[in-house]
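Structure below; questions to follow.
Chain lettering (A, B and C) follows the sequence in which the chains are written, and residue indices restart at 1 in each chain.
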Amino acid sequence: MYEFGFTRPTSVADAVAAMGEEDAQALGGGQTLIPTLKQRLAMPVTLVSLSGIAEMQGIQSGDGQLVIGGATRHADVAAGAGAYPALAALAGGIGDPAVRNRGTIGGSLANNDPAACYPAAALASGATIVTNLREIGADEYFQGMFTTALEDGEIITAVRFPLPEAANYQKFLQPASRFAMVGVFVAKFADGVRVAVTGASEEGVFRWGEAEAALSANFTADAISGLSVPADGMIGDIHGSKSYRAHLVGVMTKRAVEAAA
Amino acid sequence: MTKVSMTVNGKAASGEVEGRTLLSAFLRETLGLTGTHVGCDTSQCGACVVHVDGRAVKSCTMLALEAEGAEVATIEGQAAPDGTLNAIQAAFQEHHGLQCGFCTPGMVMSAAALLKENPKPTEAEIRHYLEGNLCRCTGYHNIVKAILAASGQDVSAIAAE
Amino acid sequence: MPKDIDAKERGIGAATKRREDVRFLTGTGNYTDDINVNGQAYVFFLRSDMAHGRITSLDTAAAAEMPGVLRIFTGKDFEGVGGLPCGWQVTDRFGEVMQEPAHPVLAQGKVRHVGDPIAAVVAETLEQARDAAEAIELDIEELPAVIDMKAALEDGAPKVHDDLTSNLCYDWGFVEENKEAVTKAFEEAAHVTTLELVNNRLIANPMEPRVAVGDFNRATGDSTLYTTSQNPHVIRLLMGAFVLGIPEHKLRVVAPDVGGGFGTKIFHYAEEAFCTFAAKALNRAVKWTASRSEAFMSDAHGRDHVTKIELALDADNNFTALRTDTYANMGAYLSTFAPSVPTWLHGTLMAGNYKTPLIYVNVKAVFTNTVPVDAYRGAGRPEATFQLERVIDKAALELGVDPIALRRQNFITEFPYATPVAVEYDTGDYVATMDKLEEVADLAGFAARRAESEKAGKLRGLGVNCYIEACGIAPSQLVGQLGARAGLYESATVRVNATGGIVVMTGSHSHGQGHETSFPQVISEMIGIPEDMIEIEHGDTANTPMGMGTYGSRSLAVGGSAMVKATEKIIAKAKKIAAHLMEASDADVELKDGQFSIAGTDKSVAWGDVTLAAYVPHNYPLEEIEPGLEETAFYDPSNFTYPSGAYACEVEVDPETGKVSIERFAAADDFGNIVNPMIVDGQVHGGIGQGIGQALLEGCVYDEDGQLLSASFMDYAMPRADDVPFYQVDHSCQTPCTHNPLGVKGCGEAGAIGSPPAVVNAVVNALRSAGKDVTHIDMPLSPARVWAAMQG
């Protein structure tokens, strides 16, 4: 790692101020950032830890929604998001127990790794990303792999999830990293079904519109048999071809619908 | 350099560190607690697992300064002061749950975290919980068996011993 | 519970708990990275990010001025220093010796694989060294890389080494004299089964990455190297004699607690030589600790064979001949024992458990722009077993016969048995291990289990195979004829102290195998004293006799035998002392339970009385024997040992995703006599875990430009706890080895040798149960590959 300064503010305001310094970088749980720093692939001047900010911690539910502080750790979401069982289950399946004890929802969404789990939940749920500056709808937030609507210095303070009638997340593991090779989050709301796919696409997390339309009309696995995403644009690598990933999108979607229904 | 202070295995510990100093490096190099091992640089292997404020974390993926004021527990603090092994350690020895010993500190610390959360885990729950701890020697057979035994469950029916 | 467990409280056959566990379980082990020498500096290696290139400029001047930098070394600093030696010279089928390129410590003009070290920066801290490495001005002219072995042998292919005639290291034929007869047998065969397959390239990945700490004492002129090695004496000899020119008496090599080896810590590596060299040059200790990412591109890899195998059968399904054609990847340089792996550790095993009368093996070893390839757990024997056991399954499919019956029909049943590939099996009982496997694996219950799986929408498959291996790697005269540049004996010094305690100094090295527990069991059995009166010293050339180290499942068979020989000398001398104390003839002295006695009398003296007399020789036969009680033996066996067994795997395949799960795995092994059944079972478990890893998960992949795509645990899939089941293992079939005093055969590699074909046989069987016309899938059987195979 290159040398960097370290600060651990205790309020969002102080964190925002610290992030205003040149080449400051927010540190969530560090489960992706620290390995990146070890490889010397990033060179921040200062790391601004968000772990000491009480107002960014915790989970609240009510009014048909669940609000999770940006610095809330995966393990705490797994244990505390009972109002949204599919989300709790997703959080409980990220990485491994030690990773879940450090990694945060805000960190995951800010990084927007194309194989991360949370982006699928946020996009399928139509969540709202709350920052120190504004509120960003999930459909506007995700802008391709490792790319989001966040401006420099902007901090995710919370994520607001509307609670669906039914939902489920199915993840097919990449055998080595155990990130999602294909992860599909299906969420059924009164006004329709949303399907978000992570791990599969070169464009990062995406909504599978065709499946959404079919499932909105008929929320059964049969409704999407025969549908498939085009292999073109899928990730092809040593773990699986484009067409294999496209196939898995269908299988995982079907399983998610079966589990949710 | 910044001063960092924490409690390690029940004793106050402090030292001067850089921003980039990892908790694993602080434990190994500053405090001389070399039982915590580093087996990879991508947070996969789990040889470095310690407890911070009661939770299992990968100490190679946490900055020492993030542990300011924390209660840290490492493998060195697991046995009784007179050297008597705790139940998990004793079960690992009894059931040959280690060979080269390199992954063992992380395995024992992860197992301790598991049994705190789930005092009577099933075989499948143990295997799943150890997702972040790699062992290259044992094929995991005797590690899983040892953790079952440490949780007070009968392992006499498990094959091959 | 098998009856031998806990049947004895001590000695041979007891499941003694491991004494070394206490330090590992309390965080008080002493691994190489735990060693810090006062005033040590740190080295960072600048490595090639290109597979093949010519260094056109290398300017370290600015980097050398960076904070904390002590010195930057490049290939120039090693021009007068020897290269890393290869320890085995293979002679090809035309009688010519192999092509053997130079292997510099730091690159000389060219880089030949991603990870090839170019410069070494020594600084006060590792981060300073890394900072300075980034400031080195380096230009490399990229050259076309050769990655695929067959392409590397084509005319006009780029050459990895300009001074060699081609990328062919050797073209080995075995047994060359049989070639014509084999050809004829194929012409006359009633049936021929052909299979082309890949034995996937692997990375051993012991959990402890490699570490080297070089130290130098200017006052004495002595060098010390602390290193993560399976064989410190071999490193001392190779590095001292061939690289740095330091005689053994001025060089100490210490391999303390080592966190797993699996072969990849046998070899002498550039980083070891560098740290020893730099410590002397700088008069400061120099430490190197590999990151895992660095390990992926600097530890020798394993396997990487591409093979065509053909099996000829007569009209009664008897095997009549076997012919194989293998390409074996050597990587860019010859690692220490690389040439021996696809030849003498592979071709000689092609008979397997079967009485095939005619065998011909051809192996072309090829240089490519990849990390050197060398022995990994099993080394050559897994490759042989995999080919043979896969082609037999395919033959059974083609002939419509039961694969177990086809194996049984062709088993070797009489011993000793001289194979057509030069080795002689001393003992074995392949029928017994197969019978035992059928029982342990409950093969009779498979059909019912398959029906249950099918109800759940899963395809269930059963795979069975046998294996034979040659272990206890030795004997020296034989391996010398085959090209080894080293002896393969083992040594032990048994030092009995005045008060009766014993220290054994062995040339074997324990890095997980439990020698500190099992070796004392043997001496306890021989003398009849408690195991805790016996300590094992290993790993430090300063206090152990010259030894060859631990690999090839040889520690107990060869090292243990040396210890037995030394202990026999101790007992013989102790009996003379006892006879003197009892005023009797030593021929009449018996030793039992730590007591010397004279048969038919009530005379006896205790072990401790005799040992005390040896060191306080007041009443002692000084005219006949010397005082003291310490003996050394070197043991060089007359043959390899031949462990064997039969393995069964049951899998479930998810037909929608191709994901394979291992539902059951059973092993019936014959290791001859067993010293510690708990440790033996643990060795088999670990081997099976690695074998399942090779079969389902692990694959080291380069792209066509020579970039390593599986360069970390993010892309190289290691087996995890939830990838494997509990294993049923059994070692109750025991045909003792006839030519070592313990009758042991070795158990360290069996699991890794025997398990991959069982897994692949099982997956093929599962897919065929769904009507898929699949006869083979190359490892690793990833979900994507299995799914693709199902698509036809």
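Assume a residue touches a chain if its C-beta (ideal position, glycine included) is under 8 Å from a C-beta of that chain, and two chains touch if they have at least 3 such contacts.
Computed from a predicted model, the values in this text were never measured in an experiment.
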| item | value |
| --- | --- |
| Contact-graph separation of subunit B and subunit C, given in steps at minimum | 1 |
| Chain pair bearing the highest count of C-beta contacts | B-C |
| Where subunit A and subunit B are represented by their mean Cα positions, the distance between them in whole Å | 28 |
| Whole-Å gap between the CA centroids of subunit A and subunit C | 43 |
| Two or more partner chains touched - positions in subunit A | 1-3, 38-39, 177-178 |
| Residues of subunit B whose C-beta touches two or more other chains | 20, 41-42, 44, 131, 133 |
| Subunit C: positions in contact with at least two other chains | 127, 291, 293, 713-714, 718, 720 |
| For the subunit A and subunit C complex, residues of the former touching the latter | 1-3, 38-40, 172, 175-179, 237-241, 244, 247-248, 251 |
| Footprint of subunit B on subunit C - complex, ascending | 1, 5, 15, 17-18, 20-29, 31, 33-34, 127, 204-209, 257-260, 262, 291-293, 511-514, 678-679, 681-682, 685-690, 692, 712-714, 718-722, 724, 726-730, 751 |
| In the complex with subunit A, residue positions of subunit B that touch it | 2, 18-20, 22, 41-44, 46, 49, 52, 55-58, 61-63, 65-66, 68, 110, 113-114, 129, 131-133 |
| Contact set on subunit A toward subunit B in their complex | 1-6, 8, 27, 30-31, 34-35, 37-39, 46-47, 49, 51, 75, 95-99, 101-102, 177-178 |
| For the subunit C and subunit A complex, residues of the former touching the latter | 127, 130-131, 134, 291, 293, 656-657, 659, 697, 699, 701, 709-710, 713-718, 720, 782-784, 787-788 |
